Every structure is written in C-alpha cells, then in structure tokens.
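Chains here go by letter, A, B, C and D, matching the order in which they are written, and residues are numbered from 1 within each.
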Amino acid sequence: MDLSVRIGKIQMKNPVMTASGTFGYGGEYSEFVDLDRLGAIVVKGLSLQAREGNPSPRIWETPCGMINSIGLQNVGLDAFLKEKLPWLRRFQTPVIANILGSFPEEYSNLARRLDGEVEGIEVNVSCPNVRKGGILFSSTPESLKEIVGRVRDSVKQSTLIIKLSPATSDIGQDALLCEKEGADAVSMINTIPALAIDTETRKPRLSNITGGLSGPAVKPIALKMVWDSYRRLRIPIIGMGGITCGTDAIEFMLAGATAVAVGTANFINPSATMDIISGIEAYASEKGIRKITELTGGMQCS
Amino acid sequence: MDLSVRIGKIQMKNPVMTASGTFGYGGEYSEFVDLDRLGAIVVKGLSLQAREGNPSPRIWETPCGMINSIGLQNVGLDAFLKEKLPWLRRFQTPVIANILGSFPEEYSNLARRLDGEVEGIEVNVSCPNVRKGGILFSSTPESLKEIVGRVRDSVKQSTLIIKLSPATSDIGQDALLCEKEGADAVSMINTIPALAIDTETRKPRLSNITGGLSGPAVKPIALKMVWDSYRRLRIPIIGMGGITCGTDAIEFMLAGATAVAVGTANFINPSATMDIISGIEAYASEKGIRKITELTGGMQCS
Amino acid sequence: MSRHFSAEITDIRQLSREHFILTLHRPPSAPEPGPGQFFLIRLPRCGEDPLLRRPFSIFDWDEGKLRFFIRVAGKGTAILAGSGPGERIDLIGPLGRGYPEPSDGKRPVMVSGGMGIASLFPMIREQGKGGLLLYGARTSDELHLLDEIGATGIETETITDDGSSGRKGTVLDLLHDAVQSGKMEGAVVYGCGPWGMLHSLLGFLKENRMEGYLSLEERMACGLGACMGCAKEIGGRMLRVCLEGPVFSVSEF
Amino acid sequence: MSRHFSAEITDIRQLSREHFILTLHRPPSAPEPGPGQFFLIRLPRCGEDPLLRRPFSIFDWDEGKLRFFIRVAGKGTAILAGSGPGERIDLIGPLGRGYPEPSDGKRPVMVSGGMGIASLFPMIREQGKGGLLLYGARTSDELHLLDEIGATGIETETITDDGSSGRKGTVLDLLHDAVQSGKMEGAVVYGCGPWGMLHSLLGFLKENRMEGYLSLEERMACGLGACMGCAKEIGGRMLRVCLEGPVFSVSEF
C-alpha cells in the first residue's frame, strides 16, 4: 500500500500534514507525535520581525468549533531560521513555512529568504493589507494576483503553496488565479471570519472583536470548497478544516484534496495526526487501495 | 418592558420570527407554538408553480449542524394563497412570504401577486439563475441588483426584505447594494454551501451532491456578517443562523440585528421560538431594558 | 396531552452487542401511540452534537411505559445504548401515519426483515392470534424477541440469510411458500424492513394485486412535515415519510 | 510515562451545589505533578461539543489517585459534575510551570481567593507546618475544605466578603494585618484567585519588593505552548499561561 503523495516538488510519505498555527514549530508536540511519521510539518505563520500578536482573550469556544484571533504572534524569520529550523532538520519530514505580511514586499522578502531553506512555502493571504486600509490581500482578485505574482518571482527552489481564505464568493476562481500565476499548489481553507459576544458584558469575546472559526463545525464548508476547486484545477489541493479522524481525511481526498492538514484537532487529541495516518492506512487496506492518490477527487456523483 | 420592533412597515410584538423553510406554512408547528405569540411567521419559499424539489436523501447531520438540499419543494403560489394563507390569517401575527425563482421574471411575478396579501416579502436570492447556467442570483452584484430592482418595482404595499447569501466576499457590500436599490430590510444568513461524503460508498450524502449548512455551527459566522453589515446600513437587519436560545438572539441583536429568525432549532425543540421569546424577556427584565430595540448594535467594542 | 414530553429511562436491556430495548416511564400526559407510529428522541447528555433527534418506531407500550427496540447503527444510538436508568429523555410523538387495522375478515400477514420487527410488533400484539408473521434476519442471533412474539399466539415462520436457524433465504421466500400453501388468501400484508426487501415485497404485492402497507425509513429533521427533509418519491410525488408516512399503502406507489 | 492518558473516575464528592471534588484513579503511567501545575481534561460523554479541553489545577494526588477541586462555571464543568464513577476521562498533564519551593529559610505565605485554594492546596500540603494561609471567599459557605487544610497543620486566617465567617473583607486586608503583626518578615508569597485580587496582590508585592508567585488563568486550547491562544501580557510581552505559566514570578510583571 502506497500512501505517498506529491505536492509540487515535495514528496510526502503520507498525505497528513499539520495546519499552520496549530502545531507551533513542531517541538511542542514532539512528545505526542512521531514527527518522522508526518507527511509534512507546517509551522506557525512567520513574519519578518517577531510579532506579539493581539491582547488576550484570543480564543473562544463555539458549537463544535473555536474562534481565534492570535494576531499572528510569532518568533520572526531570523529566530525561526536560527533556533527552530535546525531542530526540525533532525527529522526526515519536509518542513513548510507559512508566511504572512502587512505589505506585499514583506511577502516577497520572506519568500526570498526562505527559498531553498524549507521544502515548501505556504503563503497566508488572509492578512490585512496595511497600505490599503486593512482590507485582506485575499479579498480582491487584483491584490491576490499581486501577492502570488510577487512570491512566485521570489521562490525558485521551494514548493510554493497559496493558502486561500473561505471569505470569498468563489474559491475555485481564486484557486484558478493562483494556478495561472504559477502557484505549485493551493491549500484551503483558512479560518472563517467569525464573532461571538458576551451578552452579560455586551463585549466581544475576543479582544480583537472578530476572529477566525475552525474545527469540526467548518468541515462541510471546507469540503464544498475543495470540491469546487478540484474540478477547475490542475495543481494539487491541500485540504483542511475540521479534520479529526481518518475518515474525515478520506472525505477531503474524495472531494479533491491530494494532501490534508490537521489543525484544531491537535488541541483535542495531541496525537490526532498519528491517529489520522493510522485511520487512512486502515481504510486503504480495508478497501484494497494500492495507491492513496487514487482517492483524490474520487467522489462518485452518479 | 417593550419588546416590539419594526421591520419596514411591519410592526412586530417581539423580535422573534421563524426562518423560511424550517416552519412549513405555520400549521405544522401550531401544536407546539402559540402562533399569536410570534413576532412574525416566515413561510417556506414559494415559487410560481408547485415544485417537487430534489430526490432523497435531502438532509445530513454534521457537527453541530445539518446540510439540506430540499430543492425548494413547495406548494406553489396559488395553493399558498388559497389554502395556506387564509388559515394563517386566523392569527394576529404578520406573515412574510419567502419567494424564489429560476428567472428574474419569476421573482417579479411572485412579488406582484403577493404584494398587499402578506405583510412582508422576503426574497431568497440564493437560487440558481437558469438562464445564466445556474449561477446564483446572489453571486454577482449585477444580478443581485437586477433582482432587487425588479422586486422593488413590483412591491408597493408589503415590506420588501432581501435575504442574503453568506457565499460572498463582503456581505456588507451586498446589503448596502440592497439598501441602495430600495429594499426595506435585509435578512441574513441563508445556509452556507456545504458537502458531505460517505467514505464507504464514495457518494455524496445528498442526492443533490451539495446542500446548505445551518444550525449552531454557523452562528459565529452569521454574527460576524450581521455586524459587518450593521455598521454600513440604515435599513434593519433580520439576523439568523444557529439561534437556539434567548442569549443567542440577544447576541444577534447586539451585533446589529433588529429582529431574529429561528430555523434549525425548531427541529431540535419544537417550541424553540417560544423559549427564545421567554429568554429575551427574562434577559430584558434582568438587565432593566425598557425597549428591546436599545440592544440593536449595542456590542461594546472598547 | 402533549406530543412533546420528557420521560425517565427505567431500563435498558441489552439483547445482543448491537440490540437493546429502551424502556421509558410513560408520563400521564403522553398521548397513546398506534402501531407503526414513531417518536423522535433527543439524545441525552450531549451538547449540540449530535444535533438532530433520532426517529424510532414505538415497539410496545402500556399505561405506564413506552418501549423501543433499537439497533446501534451509529453515534446517536451508541449514546442511547450507553445511557442509564434515571436519565431523562426528551421525546416528540407519536408521529406519522401508522398501520391501519385490517379490514373486516382479512387476515393480517406481517412481513418483517431485520429491525422491521420493531415497527411491526404492535400489530403482532394487537392482531396476533389470527395473523401470520414471516420473520427474516441475517442470522439466528438476529431473530430477536421470539419469546415475546410467541406469547402473542401468532403463527410465525422464520428464515435467515445464512440458514443458521430454520430455512436459508429471505422473507420473500417465506411469502412465496405462504402463497403456495394458500395462507395468503384474503390476506392484508404489513411490511417493514430494509428497502431492498420492501422493494421486492412491493413488486410482489402489486403483481398479485394484494392489499398491503409498507413502513419506510428516511432521514428526518422536524418529524412534523415542516422541513421537507424526509420526502421520498412515491408514486411520482415527493411525500413526507414523517407525515404522509412512515406507513404507505401499496396503492400509493 | 506519558502526559496523555486516560483515567477512571472513582468518586465525585459534592461539597456544595456548585463545588465538587473529582477523584480519578491514577494510572502508573501518569507522571508525578507538582504544586501549581494543571491538567487539561477532555469532557466525557460528549460528541464534538463542547469541543475544547478544560484546564484544572491539580488539587491533590498520591500514587493511586489524582484529585481536582472544581467549581461549576459553565456547561463543561456541569457535564463533569454530572459524570459518575466508572466513567473514563482523557487527560493531558501535568502541564505548565508550578510554584517553586521557597528558598531556604523563607516562610511560605499562601494567599487564596475563592477557587485559588484548588491550585494552592498542594503547597499547603507540602509547606504546611511552617507556613501561613490567608484564605478569603465570598461567604462562609465558600470557605471550602477547612478540615483538609487544618489537617496539614498550617496557620490559617480566613475572611469573607460578607462577613459571614470571621472578618469581613478581602485577603488583602488579611495581608495588611499580617504585615502589621510582623508575620510577613522573610515571607515568600504564593497567590491564586480572581484577577482583581491578584492584581492588588501584585501591586502590594511590587511596592514592598517582596518575592512572590502568582498563578494566572486564561482560556486555553492546546495547553502545550503551540497555539498561542492563552498568551497574556506580562511585563510587556505576550507570555503563554500554559507554558511560561500558569505561575509567574512577581519579577516577571
């Protein structure tokens, strides 16, 4: 049974990776997860400088989900390259750096400096463009195109992945735009903009007022988006959103994902990624699947 | 304590209405709900001709939510006017007809014939435009504008409400467009496009492949959309999406809703609407709120 | 009398790893069900997941109790199986159109596949003595409740898919035998079981122009005819299993 | 030895309508916690709602058991309170940085407001005899566990907001008295309680340049330092309560 999949130039031993921001820089989970067994490790979103992020409170639980507004707290590129990456290099597993910026140039600088240092660069385009009054880079085709174009020019060796926002009227179109601009793969979905209010105090539950929804609640939405995109793309899709078990991962593959990422589930079950890999293995052996890639887009609609 | 609210010309004794498609034509719930106590009754979406809808299966349960693809099965306008509406007229409660169409003309015909017959007309714009290859009327500003303009021209007496789809990159903008085109109110959110797959058979869980997600899972998303819209609108918002209790309703009002609608919760608790009205009453009296309209948009962000 | 009430679990009797009988204390306010009707049960002890109620046929009742015969089919039924006496459960019901009584002089023949017995048992209990039960299951282990059935005095023939008890075959085989031996003269058939079996039964009844009633299953949300979620194509129309059914006359197909 | 394990509930002892002690059988594989550390408990019997684990300080332990002192604060703790012996619970822990031992010759003074006693009790148990406990609560009903505290031999002073037992006031009043009477000479303070109280305590300790350790609370997701969800501004930096805390030295602020 062959569980390996390929995302751009990244050869993964199985389709299961971690979702950015939910797995720290890898070490935090090494006690519960065999990092060598992961398909790939995606680290917390990096900016050029370290960021302190938003004030607390930053998280709130919702029905079958959670909202977060971490505000992209991270150690910054230098500390990542000096302190975090060398440790991760002890493992066989490909490393994907997730990057974010406040200006288009921040993206291209990050991409240039990470190129060749990590197997993959995943570009989080759901960030406010400080120069355009804080509207998200992902929110218009023009600004999305600008970012993808810039990082494409900066990345020669690593695999370039664009991480798409679900806050769009047609994610398939956004994905297609990324493909046309030369992205090697797309990943979806990022968290969904969300709000919760404390009716006692009338204040929002998060200091940042709004945040991003993740967890099982969003799974059906994410699956629909993967399927919409799959039918229009040639490049591979990394699917995520509420995956907690092996069959969830299989669902994403049947909808069109080549690989999957596990986010919020890590918090509920720290060895979720391992259980999901085992679950996929069990499914494949039960169904007599030789190559796991056979599943991608295999939903039967007639 | 004054619980009354106004949506366009509709005076409601309290802010709680039913969500279209989840309460039949009212009679189905009369055993569990005092229809006279509701703020308004919104009936199942009506088309000109009766429709049989999609084949089964039509529903699937998801984490804290459900997906449906009823396919807008309904008795059709004539049967509604002849059989359903006269019965509803026995109650003091305003009736709002939800309408849907396959062509722009279907909307205007429905609106014209219902005008003056019901207190409100709620226009479901999340329907496939048969003439444009099935893309939703709500999916471009142009087609949204066309529909709103047409129904606006057709409705002289009833209150005109446009029901917005969450499958958009900026619902506030869609809402603003409706306001500019003369809508009296907007309601949000309709269900979120979603998919679920049976990994045993590899088939989608619904005959229609995709469907719409509703229930508690979507509440944080809906709240965010109400809040985004509230800050840009003058016309009132009817908020909905996952409301199951009084505090959920209060949350929507604090985010900017003038009234709320209860959908999926009716299935879990057939007297949900009554419990929610009582919950709002209890909250208002505990907090010493004289007029419930004070709550609208009352989230405190500093 | 309200069709929305709460009731205390008095007993959960495990019949096999997968099957159990849930007994509830029936509150005086709970209306009397009829054979073939069902209840929507809200799962106890959960937050909002699983969200929807689960439909179960009424298996047995008297003034003091309501009984359901349930197979663990997924997470909701597993939660029910793991509940204990003393816990309270929220119910809506009785719901739907049940089995009509046989018209004068007709012999009721119950055709049950698998869990169909849960829905047919009230007919067996009420019509037992003069009737006939054709009872099929996958294996002899799943021929549940033969004692309770026997106690009603009904004539019973059993069959299993694997031949582990009695004949090997399906209830349709029993039906053909019954026809051969003249037992189906003037019979009215009540069928409940998997769709494949009901489909064959329907074909048989149509072909032989026999009166019959079939109980169908479909996923449900409201159970009250409001959401249209449970509609199934029957005779070219989309009918609601919760309201126009779950029992449909052969003539409707 | 794994910090992710499952344990059986052996007892749930209700102390009041809102407060209970949860006792678990401690499996041999569960590592030894230290005072001030905490565990993330996955709620039993639920689907995926409530989704997140809940953090609770370790209240007491020995080779065979783990004990938690819990107040019902919302739906998760209500589910826990409604659980019963025999059910299994999934835990991650011990987590975080607990209270350091007092440096040589220093007198440990525990300052507890409300539920703070849950986190401070292991310090009381270990440092009891020579120490001092200033114990405040809203009412005398909420001055829980005085017996267990007494048994450690610690010198204890109590106070309630409403004066229903002992003095009327807050632990800060007790603290000022202790200073007056010279009891705070060479003391190291361990504080746990509501943020308002800790804030005042922090001011007091800073002003008097005293050594002290405060245990903070914040909403958590991972508990492992990975999600950044629990970060709080401390001394101008966003520190993770789950990893750099929950106990912080006054000098960090």
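Following the convention adopted for this analysis, a contact is a pair of C-beta atoms (placed from the backbone, for glycine too) under 8 Å apart; a residue touches a chain by one contact, two chains touch by 3 or more.
What you are looking at is a predicted structure, and each value in this text was computed from that prediction instead of being measured.
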| item | value |
| --- | --- |
| Neighbouring chains shared between chain A and chain C, ordered by label | B, D |
| Interface with more contacting C-beta pairs, comparing A-D to B-D | A-D |
| Most distant chain from chain D, judged by the mean position of its C-alpha atoms | C |
| Rounded Å distance between chain A and chain D, as computed from the means of their C-alpha atoms | 36 |
| Between chain A and chain B, centroid-to-centroid distance (C-alpha), Å | 33 |
| Centroid spacing, where centroids are CA-atom means, of chain B and chain D in whole angstrom | 47 |
| Mean-CA-position distance for chain D and chain C (Å) | 54 |
| Interface hub residues of chain B, defined as touching at least two other chains | 62-65, 215-216 |
| Residues of chain C whose C-beta touches two or more other chains | 47-50 |
| Arrangement of touching chains [line / ring / star / complete / other] | complete |
| Complex contacts: residues of chain B adjacent to chain D | 63-64, 216 |
| Complex interface listing, chain A residues touching chain D | 21-24, 28-29, 31-32, 44, 52-53, 55-66, 68, 70, 73, 215-216, 244, 264, 266-268, 270-271 |
| Chain A residues within the chain B interface of the complex | 62-65, 67, 139, 167-170, 192-197, 199, 201-204, 209-210, 213, 215-221, 223-224, 227, 242, 247, 250-251, 254-255, 283, 298-301 |
| Interface residues, chain D side, partner chain B - complex | 47-49 |
| Chain A partner contacts - residues on chain D that touch it in the complex | 2-4, 42, 47-53, 92, 218-233, 237-238 |
